[in-house]
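Chain nomenclature is as follows: A, B, C, D, E and F, assigned in order of appearance, with residue numbering initiated at 1 for each chain independently.
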Amino acid sequence: MFKELEILSAAQVAELRGIAASARFVDGRISNPHSTVKQNLQLHDEAAYDRSSQILTQALYGHEDFQNFAFPVAMLPPMMARYTSEMRYGAHADAAFLQLGNMGLRSDLSCTVFLSDPDGYEGGDLVARLGNSEVRLRAAAGSAIVYPSTTIHRVEEVTKGERLVALTFIESRIADGEQRELLYELNEVAAAAGEMMDVDTYTRLQRVQQNLMRKWGDPD
Amino acid sequence: MFKELEILSAAQVAELRGIAASARFVDGRISNPHSTVKQNLQLHDEAAYDRSSQILTQALYGHEDFQNFAFPVAMLPPMMARYTSEMRYGAHADAAFLQLGNMGLRSDLSCTVFLSDPDGYEGGDLVARLGNSEVRLRAAAGSAIVYPSTTIHRVEEVTKGERLVALTFIESRIADGEQRELLYELNEVAAAAGEMMDVDTYTRLQRVQQNLMRKWGDPD
Amino acid sequence: MFKELEILSAAQVAELRGIAASARFVDGRISNPHSTVKQNLQLHDEAAYDRSSQILTQALYGHEDFQNFAFPVAMLPPMMARYTSEMRYGAHADAAFLQLGNMGLRSDLSCTVFLSDPDGYEGGDLVARLGNSEVRLRAAAGSAIVYPSTTIHRVEEVTKGERLVALTFIESRIADGEQRELLYELNEVAAAAGEMMDVDTYTRLQRVQQNLMRKWGDPD
Amino acid sequence: MFKELEILSAAQVAELRGIAASARFVDGRISNPHSTVKQNLQLHDEAAYDRSSQILTQALYGHEDFQNFAFPVAMLPPMMARYTSEMRYGAHADAAFLQLGNMGLRSDLSCTVFLSDPDGYEGGDLVARLGNSEVRLRAAAGSAIVYPSTTIHRVEEVTKGERLVALTFIESRIADGEQRELLYELNEVAAAAGEMMDVDTYTRLQRVQQNLMRKWGDPD
Amino acid sequence: MFKELEILSAAQVAELRGIAASARFVDGRISNPHSTVKQNLQLHDEAAYDRSSQILTQALYGHEDFQNFAFPVAMLPPMMARYTSEMRYGAHADAAFLQLGNMGLRSDLSCTVFLSDPDGYEGGDLVARLGNSEVRLRAAAGSAIVYPSTTIHRVEEVTKGERLVALTFIESRIADGEQRELLYELNEVAAAAGEMMDVDTYTRLQRVQQNLMRKWGDPD
Amino acid sequence: MFKELEILSAAQVAELRGIAASARFVDGRISNPHSTVKQNLQLHDEAAYDRSSQILTQALYGHEDFQNFAFPVAMLPPMMARYTSEMRYGAHADAAFLQLGNMGLRSDLSCTVFLSDPDGYEGGDLVARLGNSEVRLRAAAGSAIVYPSTTIHRVEEVTKGERLVALTFIESRIADGEQRELLYELNEVAAAAGEMMDVDTYTRLQRVQQNLMRKWGDPD
């Protein structure tokens, strides 16, 4: 239910860092005016947003394992955010339904794309709460971590350096997290063992997958 | 599950009465040709319908408690109807799916906006059947009553005076009536007690609300 | 969703025929007094019922594919019935909940065990209705046909010879027919291809099966 | 969803009043020690409880319309309660799961059996909240009102005379209130019109009823 | 759950055969490039596709019993396919979600419209698997067979003559096959017996139908 | 969804260690004969099992937060297991339904009670897989970790010292993990903030909790 994916090439990371370097960033509360826990900067520059979100959107949609894991039907244009020293994002839950202009979506999965080298900053871990245990998440530049929007999570204080990330929210065809994961797992089984199966067995497995998709998937 | 809301100002009530006074009304079976129980008059005048439905739509959508109670995602343009002496609408169930031109919606909630003073007519109560008990509904001019489209209900015979109302049907993001009510109740708890809670408790309550929205809400 | 299983040995068939030959049979309406469509004879003899139902119960429960297909948690003691010439059982739907003494069960699956040779009688097919198509069922002596209790079905008139069967009703851990079938199919895939899989893939497939069982299965 | 049923004969009412007259009643908080809103008296006398609960249990289970409406699978032994002047039971929600000795049940329906003549006391109405509307319930001696345990309800202050009732909680085979009501309604349709239908139509209606029972009903 | 419908007039059959006679057909794998079991020819001619799919779409949507059985909300434009000698379509399961240009739909029902006379070809039966039983389907020219996309099915080898059909996939408002069938059955009961019912009974039956539609139907 | 609880006193830990020290342990495959990944020792001594499982059962059932988190309706008698050097339990998924003598249960939650001091052994972490992330679990002697039976998990090789634990499986009234967690969270909100709420708000919150229990809870 937490998935790390390498989605960007080194060149794409460099291009995104370049866009960030020369674009305007403002207080992140611009999009969450009532938040008392958000302390970061986010991109506020139309041309830079268009270009960067296009690169990121194509990279995610074009990644086969992202498709298999997320079953995406809608995604907000990813937005770059920057945490400089002492910035953080306190514990919060993501809203269920988001509106951006005319586009509305249910946020099933949240996604952080890491653009800084993990050695380039201290602190700044993404931490998701699971009961009274926690999962601590940090990835290489160019990697994305996709995680359920249903958890309470936070970004810890950056104590040194700068953490540049891009963030987005994804509506999945499969709303329920456990169902989505079971379909992903069946697909992995089919990918790993399908070629060894006789045709009839493989057809039966495919039918199970497709019928679970029918049963659990939102209509278009 | 029955909700009375004050949605119109005195000026808006007066404007709607004025529109009704000079507009054309026809036999209400124009929109339910097979009905044997509908005996009322309804507006049949394009300009008057445009203007009156706009006032009513804005008043409903702009009312915070209507939003909280109904979780509206679609609503037919409200239609004025008039019951003069001896008119009534016999017991009936509202259809599940309605089509008006290109717009289709599932009718989860029905809404009557009262435009006459309750003292200005006798009879004419809206009565909803609950097992072998009944709920009798009548409200002040400017008030709306929102009730589940799932009940069998009727408008009793008007025995004196005139009953002017506007009617509409609402698709809710939350199809199931009990789920919708539980979300409304949790929101009321958060509104009444949220400010007294410590931040962590309030964040946990918000997460429960958002995750129930994800679980129960129709996708966009 | 219709499953034919060879459950009895020739010796068991012979023993059951022997029991039937010397036991008392009465009008089948004894257990469905209001039925206007049931025209058969059924066993009404305590010792014969004890003995025959024990043989049949053990044969069914002991059959691995029956276990895999039906996920049985309760079963009525199978009852022998006899259709002699001109007998039939008109179209009917099986009741959802059955009570026999202290034992109550939900009938998800119905089961006919064939004790006569199919050449020994004419007519007498079991026919299940599927929309405006039909499935016609007839099996060898010793074979059982397990089919959903949810269909409308009938036994056609026996026009020659005698049709001896045993009948029972099964409560499945998996109430829903489509879910039950998907679990059966996944189990067949695991049985056919599990040994070829690497350990991790096989563990993932087992987890999917067990989690679907948790999700869909009735508690004990 | 609120159902009034005549369940006791005049003789049974008289017998229950006689039992109550000579039995011990204590503060009702004996079974809800933490309640701040319960102000009544309840029977606390083993022999009287055995006898009175037996009469009431048999009367309810033996009433066909109670069976059709409630689909009962378990019921607590009904307990007599007495409201004398100034007593009341403030607004509360009934617990979902109740335990009485070894017996545990889910309370889907609550039931008040009225033993006093409605003219024999003032106040004391049972009031159930529905959104911001209310249903007010009061019935003749010998009648029961069955209502969903899911509402917030209260007993208003008795201002004159004495209100003697018996109370119980029922687990229904059909947990969901709307599903239970739809099954009840279909059964009423079958009872009212079944005899006029041709056999095939009636068989199809019965199949729909039984398959909804399978789909929605708890297993035994 | 398998439904045969007469949807085309003799003239429409003739027109479609005429279109097929002069249009281009290509290897059917053009739309299923990875399939190892598809061996047929399908129409590949824009004008012929536009004209033929229009005739078929109108005929299906305009057929009342198709509406009642399928509850269609979307349908791919039907595509003509031709099986000449030795062609077949091996066992396969239909995909859950289909995309054709901008149009996406969930395939709940598959539909074969027969354009050849059944005596004009040998073999070529459509066979659907149900457990270890099978349903064999073949209909007159002008008839359609509508069947669940959830089964494994095949077209047997044509051994003589030519089998011309049109194929399409339908998204139903009611995703689940058993729910869809129960609604169809209730509608049949209402059609057969509604006129004999008193008004109140008929209103109650309509309410059950509409509330099941609300509960089970996908939103628009 | 992972919960650590302090359930045993130091005296109870000492008593359990004493029982383990003098009791017979055998190869753990005795209860999983087909397992290729289980390499540990488990208690095989009737008196020791009776005594130790009683201590553990009472400690768990008597712990309020365990009740609130797990909603237990059945639990296998906890079984002590010992991992000495080089022992491990490879990745596996727990079975959905378990049978021990006459007792059957659905395993929703798995529970490990730690009896060794964490410094007394190296390796031996309990590791649960979440997508391609992991949660690593290790607790103080006397603490329990309760976690969903739905994950793939393993016990890593003990490289030094001895790891003594007790293990059990719990059937929850609330089968679904996300629903169970939301009820736990609402209960925590009520515990933290209930006393500050006015009576009406608190009653409404309790009603939401009880109605979710009705909706989601298995019947008794």
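One rule holds for everything that comes next: contacts are C-beta pairs under 8 Å (C-beta built on N, C-alpha and C of every residue); 3 or more make two chains touch, one makes a residue touch a chain.
It should be emphasised that the depicted structure is a prediction, and the values quoted were computed from it without experimental measurement.
Q: Starting from the defined contact criterion, work out which chains touch subunit C and subunit E both, please.
A: Both subunit C and subunit E are touched by A, D, going by the contact rule given at the top.
Q: Looking only at residue numbers at the subunit C/subunit D interface, is the share used by both copies over half or under half? Answer same or different.
A: Mostly different residues: under half of the interface numbers shared.
Q: If you average the CA atoms of subunit D and of subunit F, how many Å lie between those two points?
A: Comparing mean C-alpha positions, subunit F is 40 Å from subunit D.
Q: How many angstrom between the C-alpha centroids of subunit C and subunit A?
A: 50
Q: Give me the residues of subunit A that touch two or more other chains.
A: 150, 176, 178, 204, 207, 211, 215
Q: Take each protein chain as a node, join two nodes whenever their chains touch, and name the resulting shape: line, ring, star, complete or other.
A: If you draw each chain as a dot and join those that touch, the picture is no line, ring, star or complete graph.
Q: Run through the chains and report each pair that touches.
A: Result for touching pairs of chains: A-B, A-C, A-E, A-F, B-D, B-E, B-F, C-D, C-E, C-F, D-E, D-F.
Q: Which of the residues in subunit C come into contact with subunit F in the complex?
A: 173, 199-200, 203-204, 206-207, 210-211, 213-215, 217, 219-220
Q: If we count contacts the way the header does, which residues on subunit C are in touch with subunit E in the complex?
A: Touching subunit E: residues 1-4, 69, 130-133, 135, 137, 150, 176-178, 181 of subunit C.
Q: How about subunit A: which of its residues touch subunit C in the complex?
A: 178, 182, 185-186, 188-189, 192-193, 196-198, 201, 204-205, 207-208, 211-212, 215
Q: Quick one: in the complex, what on subunit E touches subunit A?
A: Of all residues in subunit E, those touching subunit A are 36-37, 73-74, 90-97, 104-108, 149-150, 152, 171, 175-176, 218.
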